[in-house]
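Structure below; questions to follow.
To keep things simple, chains are lettered A, B, C and D as they appear, and every chain counts its residues starting from 1.
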Amino acid sequence: MNILVLQGSSRDHGNTEELTNLALVGIPHTSIRLREKHIRPILDQRHEPGGFVDVEDEYDAVIEAVLAHDFLLFATPIYWYGMSGHMKNFVDRWSQSLRDKRYAFKEALGQKQAYVIATGGDQPHIKGLPLILQFQYIFEFVGMPFAGYIIGEGNKPGDILQDQRALSAAKLLNERLKAPLA
Amino acid sequence: MNILVLQGSSRDHGNTEELTNLALVGIPHTSIRLREKHIRPILDQRHEPGGFVDVEDEYDAVIEAVLAHDFLLFATPIYWYGMSGHMKNFVDRWSQSLRDKRYAFKEALGQKQAYVIATGGDQPHIKGLPLILQFQYIFEFVGMPFAGYIIGEGNKPGDILQDQRALSAAKLLNERLKAPLA
Amino acid sequence: MNILVLQGSSRDHGNTEELTNLALVGIPHTSIRLREKHIRPILDQRHEPGGFVDVEDEYDAVIEAVLAHDFLLFATPIYWYGMSGHMKNFVDRWSQSLRDKRYAFKEALGQKQAYVIATGGDQPHIKGLPLILQFQYIFEFVGMPFAGYIIGEGNKPGDILQDQRALSAAKLLNERLKAPLA
Amino acid sequence: MNILVLQGSSRDHGNTEELTNLALVGIPHTSIRLREKHIRPILDQRHEPGGFVDVEDEYDAVIEAVLAHDFLLFATPIYWYGMSGHMKNFVDRWSQSLRDKRYAFKEALGQKQAYVIATGGDQPHIKGLPLILQFQYIFEFVGMPFAGYIIGEGNKPGDILQDQRALSAAKLLNERLKAPLA
């Protein structure tokens, strides 16, 4: 099983990144920081006669990484009670990939597993739940099993190390991801 | 009462725009299409010693329009069970405005009212509910009363005209917004 | 199409009952006030060797009414942000009916439609949404299409008559239910 | 800190009870099985001239136990994506206690902490989230801090012992509850 982290954070060394790293200690994986990729917001052309026009940016390269991995870890800070705009822009573009004849995008996602790590500072275990429900609907739409999620609490860098519950969940995820390698 | 539409749609003449227009027939208002504004995703510098660095884009101009109006209508298609990336990028940047000494951003929002119009194609009356809860948390955080919302169902342009429930709610909103003008 | 109201309110002439009556003006229907039926809470015997033991109460009579109708209208006040205990006790017992050899309970429900009317006094359009999501999961589990819902706001008897939005939705439901009779 | 478990399960030795016991190993506490108490569903008399009429059942005795403890652990199986009818009937009656002149019910609850343990068999980590949001609204209404929750997965008795995530969370709760005793 090969693992791709889609990192939605907008800064280096934030709590989301730190929690993700703890979950993946000792496990080979690829990580893409979405903020470092040039990804344009969707231009909805689903109902245009010619369909979607090709966009010149780095979106397709990220999608090719998605297609090349089995386990997709969506790591995002909880910004304003949702995924970051970086990640939302990326996901919005899936509407384009669904219609892209080069890929059987939906079928491919259906063979993968999705996991979510989300951290936030304002009661994330309550106010992050609509985001988890949103991810569930997203994954359900593309037929990708939702393998689980971890919500972490933190605001300032390093806060996450005080969230015993999140650390313990990250450790269990680490063991689970290592198991198939054994 | 002056009204600002923050239009999150990524295309012209979509269902969200059409429903919004119906709600505002005969009512003076300003509308900003977020897709036509150059707004960069947030770069989280809340915990940097120097705080946020100024960003050269059109975000501040939109915020100044926000501050100049009393009734903010957040109009967004439901993309992947959330607000559009265009709108999310815009809202994410509020973290910067909260710390911008030129504005008393939170206090100002607390004097306004927020309303949401959201349309989607995949069971929006169910799968759009996490988005409504997210907006509630957003507005609660800044102390801005959530005056109501309309969820509309539609996929292809024009579909919204079949959603009697949404049309009727738009008509009631229209009457309510006209009332103070009388 | 014949219609059964499962009325979850605990008092006469409350807002839920009033809104339900408005939705059904001029439409023949059966209404069961769950509070007037003797329905015991579930005793979970799913994992007992002998399964569920018959219960001597009026639950089966209500289920037979359910099975005899096509359109089930679940009408409940929002008590403590959920359906009333009267209604919850009733729904909990479905676990027993699912295993009752006299009925093909799930298959039968899959042929019906479900509708929800819920009224409450504390921001029901926001704080009633988890209840709508719960109903969605319930109906999905038994394969019964969720035909729609109306949330009304009211506290004291008669308040509902001020909720233009709910009244307008009730009127649309009334037209929709009358249509097949034409 | 003294601890009261309000046990909403309808059977002995179910997963909810087992997970609760694991969380409380070695910690003195009182446990009330709501199914063993005679508690009538609410009769809503909030708007009757004479208010609520006294009810002859065991509800008041449970409320007196509630008032005598500091940490309230609401333990419920997830039945039909909500708390059990036993627990819902009990909570519905709080409307009566809020108006009971013998108690300053709301003020008293505001001094306590609430915790939720909920277990279910059908994707409880997703489909149990509306229940968590409901508990949040309940506790917020009475001003009682929501100290946390554990969702466990299990269907048949004993299943919960396979849910490493829930077991680990129960262990952390155990340590947290023991800490003030040290």
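As a convention for this text, a residue touches a chain if its C-beta (ideal position, glycine included) is under 8 Å from a C-beta of that chain, and two chains touch if they have at least 3 such contacts.
Only a predicted model underlies this, so the values are computations on that prediction, with no experimental measurement involved.
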{"item": "Homomeric contact chain B-chain C: same or different residue positions, threshold half", "value": "same"}
{"item": "Angle (degrees, nearest 5) of the CA superposition of chain A onto chain D", "value": "180"}
{"item": "Centre distance in Å when chain B and chain C are each reduced to the mean of their C-alpha atoms", "value": "34"}
{"item": "Rounded Å distance, chain B centre to chain D centre (Cα mean)", "value": "38"}
{"item": "Approximate Å spacing (C-alpha centroids) for the pair chain A, chain B", "value": "25"}
{"item": "Chain C: positions in contact with at least two other chains", "value": "129, 133"}
{"item": "For the chain D and chain C complex, residues of the former touching the latter", "value": "9-11, 14, 35, 41-45, 47, 77, 79-86, 88-92, 94-95, 122, 127, 129-131, 133-134, 137-138, 141, 156-157"}
{"item": "In the complex with chain D, residue positions of chain A that touch it", "value": "125-126, 129, 132-133, 136, 146, 148-149, 164-165, 168-169, 172"}
